[in-house]
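In what follows, subunit A forms one complex with subunit B and a second complex with subunit C.
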Partner chain A sequence: MLLVITLTAAAIWIFPLYWAFVTSIRDESHVVSSDAGLLPDMLNLTAYSDALFNSNLLTWYVNSIGTSIIITVTVLITGMMCAYALSQMRFPGRRALYAVVLASFMIPTQALVVTQFVLMNDLGLVNTWAGIILPQLIVPVVIIVYKQFFDAVPKEMREAVLLDGGGEYTLLFKVYLPLNWGITTALAIITFIMAWNQFFWPFLVTTSENMMTIPVGITQVRDTFGVNYARVMAVALLGAAPVAIAYLIFQKKVTEAVMISSGVKG
Partner chain B sequence: MITNRRKHIVVAMTLIAPFVFIFALVFLYPTLKMVELSFTNAPLIGSGEWVGLDNYRRLFNDNLFYTSLKNNGYFVLLTVVPTTVIALAIALAVNRLAGSMQALVLAVFFLPYILPVSVVTQIWAWMLDFQFGILQPLIEWVTGKPVAVFNHPSWVMPAVASITIWWTNGFNVLLFIAGLRNISPDLYEAAALDGASRRQLFMKITWPLLWPVTALVLTLQLILQLKLFDQVYLLSGGGPFNSSYVLLMMVYREAFQLNHGGYASAVAVILFVLIMIVSVLQFQLLRIGGRK
Partner chain C sequence: MTGVTLKCVDKDFGSTKIIDNVSMDIAQGEFAVFVGPSGCGKSTLLRMIAGLEETSAGAIEIEGRDVTQTEPAQRGVAMVFQSYALYPHLTVFENMAFSLRLARAPKQQITKQVNEAARILKIEEQLDKKPSKLSGGQRQRVAIGRAIVRQPKVFLFDEPLSNLDAELRVQMRLELSLLHKQLGSTMIYVTHDQVEAMTLADKIFVLRGGVVQQSGTPLALYDDPANQFVAGFIGSPAMNFLSATVSAVTTAGVVASIEGSDGQSLEAQLLDTTLEAGQKVTLGIRPEHMHICESGLSTTVEMTENLGGVAYLHARLMGGQKIVIERRGERQSHQDESISVWADPKHVLVFAQDGQRLR
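Here is the complex of A and B:
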């Protein structure tokens, strides 16, 4: 009985995505006709080819993939370096820095967009990748998670490397990082998904269609073509496809990353 | 020894430098600049004159500010507790499934969360389309006539709230499932041996042990939903008649459409302070709740 209720709820939950898909493979005239049923009854890929070849979708893909990868790599590298120093080294200002990292969790970045935009304008970075990327490079949770994992590495390993004459960089990249590949991939996947899905900031900092990312660009399609539901749904699904596929492949990792980064599971 | 110590510190500084530099550039500086700008009449781009507290005085006499505040509050009411309850129910149900069935059902509930917001709004705009929306027959069945959901003052916020719950609920489900998995099965076995009923198991074991996660979900949601912008912007643009106008919308419109950089900054400062207060309360609450 419970199983039936759960499965019904799951079916309702997935229905909007199912319906978007059914719409996207129909002919536009069939989409709005009254005899169109709930089941997929056509396989018409015009909407997809239109979306791919008669819009800027491919440009937006390049922008999204490029900026998301740069954000992910930069966030992880700067985050692990900072976390390593916080976890393994003693220097003046360490406690203050950790307090800042914890506090920056609470800073609502959305409230900063006005002055971030002014800054990017002053630096001449409006409508550039750098402008899209820069404000997204602060992800304090990456530092906090890395610090937790670095804290847990046995001290003996550290001392052994130091005795052999290895430095801190050797320790970080040859010992601490390889020991934590698991959490690194998990963090990389969720950072990438977060960057890919970012809407508000890229929407503000890109005004030229050629510089837009997927989430911003696909809102333009409706304006350009008028309402063509099959095409709108095809574009939406194509825009969501990379992260959806990444999730389905790395489902376990994503689940783990979400749980760890919210502190429910350590 | 002294030089070693100095070298150690230099290495530490180079390790933290990239983060500190980026943090200062894109977080610290904009925060200070925002406060400064809020005391001027500057346009978005360019400088203005110092006007003291004028922006704040104007803000506290601006009806739109109170409308936004009220709508933010209304949206919080419509989302925070409902999404927590729904997520808990789903998590309890999913947790009873086993193996690949569990993975599949969990994926179904989590999938919307990883979609970009504009994909979510476009799918739902189509689902609720006035003429051809698949949900209109349902609405017609309940109310007797089709409703242009995002153009109706009393429908718009509940609709945006429902869509938001559909979109973000998977995250909360995951947190609850992690919480449930942390509860030792021994507890249930021992209680079952003592003849505890299902209801008792939930009330005496699951619920109290899940409370820290519940508190986390509630407070995370509260902060998240205060920052509402994307969905209302894309679905209703703040209308009709400002019935879905929220604080962040006000920041956006004043700054980027009306070119009032100073005034927009004042609104942003209020929003910033509001969210910081809630966050600090959250931090304290969770600490009292026994977390690190």
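Here is the complex of A and C:
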């Protein structure tokens, strides 16, 4: 019985993906016709060739990969260093600073969008990678998760390094970071996926097609006669493919990351 | 030459004094042991010597150099932690080479020093393994090896054997003793286990409430404790303490009647006393100095612990005070038997009501 329920749920979940794929390999005229069935009845790859060669898809790929990698690396480095300072160093205002980090976690990003847009505009960063990247570098959950893990490293480990002649950088990069490679990998994957899938902010800050990321670019896939569903689906599937492949490879780590960042596992 | 000198050292945590005006001299090459109950400040004192805790007042000198304000790594000390504190992501070799690599020592020198330490500790076979693949004893050796590689002036051990099982603890204790002889370095060892203190130390410092109660060789502390705390802490089973009242003062010492024992008394030798009849004192007698005799203090044996070579008779005096009697080669249980016990006056120690020893 449980198996039947699980299979039904899986079928319901996968249907939109299946439908997107079936639509993408159909002729556009057939997509909206009333006699279009559920099964794939043709293999027309025009939408894919159009998406790859007659759109800016490759440019969007480059933009998505570039911005996502920069966001991931920067978020991890800054988050890790901030968490290390909050966890291991003693300075006045440490607790207040951590409270600010926690508080920023509670502010919805949408609430800041207008301010951020005005700021980016004033700085002349609209339609630039910097404009896409900068507001996405604030990820307090990375700091909170790292701090939680750094807090758990035994105090003696720190003292052993100090006696061995190491300083704070040795501690962070030669001990605390290697000891937490697992969580670093998990956070890297989840940050990358979040950056890749980000739509709202890049949609606002980019108006030039050459600066768009894949999720934003999908909205530009239309021709003179309006929306071309087959091509839209082909671009959507091609856009999602790298993340889907990455997910399949790092499935275990992603699940771990989601559990850690949601507080299920610590 | 002095190895480590502490001059009027204090440690405060807020308004709480953890270490109170401690002064000590540890000679170069000496094996010193800080011993005392939990919370007595022994680990704090060790960490102050290491530089891991700031010193609130006073001065710490290592081989004549004032290191009170010196960074831990510059003090010439190496520490072995209770939890070993090995870097789990590094191999044994990398763990041992860590400090030398940080100091940018030449590769050849690193390999030579690590291999030499591994040879001394017989862990050559484990050099490529990660700490998680090692047993407790092997991890402890690696932790000691990591200290040896640094060639420190002073080795600091913070309860290093407390995570090991009893058998391994005895073995490691012997090995530490041999290692000290082999290296000839100054070593300071913290433990709450007085057996470890007695077997390892050249000099013991007994601490209580952040104050050194007494220091000296293990046997000096055992035979001639300065106060009731040291007398009770050193020795296993602990010294018997009997509340008594001075009934007579003689030229050789005092006669004291045991409380609640219907006038039964014990004699104690004292060289010089200001005691007077009627004063309350505490008599201290080690279990091995209590002898069964025809007439003496009447006791009833409540339980016997027979370890084969030695037996401990747990008995109760008439007034309810408990005593332990040690018997070599005892084969009778004496359970529920009434026996009389006696102690030679020269082995009966007298403590004033404030716990200080009267000699």
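Throughout what follows, the second predicted complex is superposed on the first by the 256 of 266 C-alpha atoms of A that agree within 3 Å, B and C clash if a C-alpha of one lies under 4 Å from a C-alpha of the other, contacts with A are read in each partner's own complex, and residues count from 1 in each chain.
Here is the rule we use: a contact is a pair of C-beta atoms (placed from the backbone, for glycine too) under 8 Å apart; a residue touches a chain by one contact, two chains touch by 3 or more.
A quick note: this is a predicted structure, and the numbers were derived from the prediction, not measured.
Partners subunit B and subunit C fit side by side in the overlay (superposition on subunit A). Of the two partner chains placed around the shared chain by superposition, subunit B is the only one that A:L97 touches, whereas subunit C remains out of contact. When the two complexes are overlaid on their common chain A, residue A:T170 makes contact with subunit C while staying clear of subunit B. In the superposed model, A:P178 lies in contact with subunit C only, and not with subunit B.
Residue contacts after overlaying the shared chain place A:E159 against subunit C, while subunit B stays out of touching range. When the two complexes are overlaid on their common chain A, residue A:Y61 makes contact with neither subunit B nor subunit C. After superposition on the shared chain, subunit A has more residues touched by B, the comparison being subunit B against subunit C. With both structures placed on the common chain, the touch criterion links A:F149 to neither subunit B nor subunit C. Legend: residue contacts after superposition of the two complexes on their common chain; A:F192 is shown touching neither subunit B nor subunit C. After superposing the two complexes on chain A, the shortest C-alpha to C-alpha distance between subunit B and subunit C comes to 5 Å. Comparing the two interfaces of subunit A, the one with subunit B and the one with subunit C have no residue in common. Every residue of subunit C that touches subunit A in the complex is listed here, in rising order: 50-52, 71-73, 77-79, 81-83, 85, 87-89, 98-99, 102-103, 146, 150.
Residues 154, 156-157, 159-166, 170, 175, 178-179, 181 of subunit A are the ones that touch subunit C when the two sit in their complex. Remark: subunit B residues 8-9, 11-13, 15-16, 18-20, 22-23, 25-27, 29-31, 33-34, 37, 44-45, 90, 93-94, 96-97, 103, 105-112, 114-119, 122-124, 126-127, 129, 131-132, 134, 166, 171, 174-175, 178-179, 181-182, 213, 216, 220, 223, 226-227, 229-230, 234, 248, 251-252, 255-256, 261, 264-265, 268-269, 271-272, 275-276, 279-280, 283, 291-292 touch subunit A in the complex. Contact residues on subunit A toward subunit B in their complex (touch as defined above): 2-3, 5-7, 9-10, 13-14, 16-17, 19-20, 23, 31-32, 38, 77-79, 81-82, 84-86, 89-92, 94, 97, 100, 104-119, 121, 134-135, 137-138, 143, 167-169, 172, 193, 196-197, 199-200, 204, 214-216, 218-219, 222, 229, 232-233, 235-237, 239-240, 243-244, 247-248, 251, 254-255, 258-259, 262-265.
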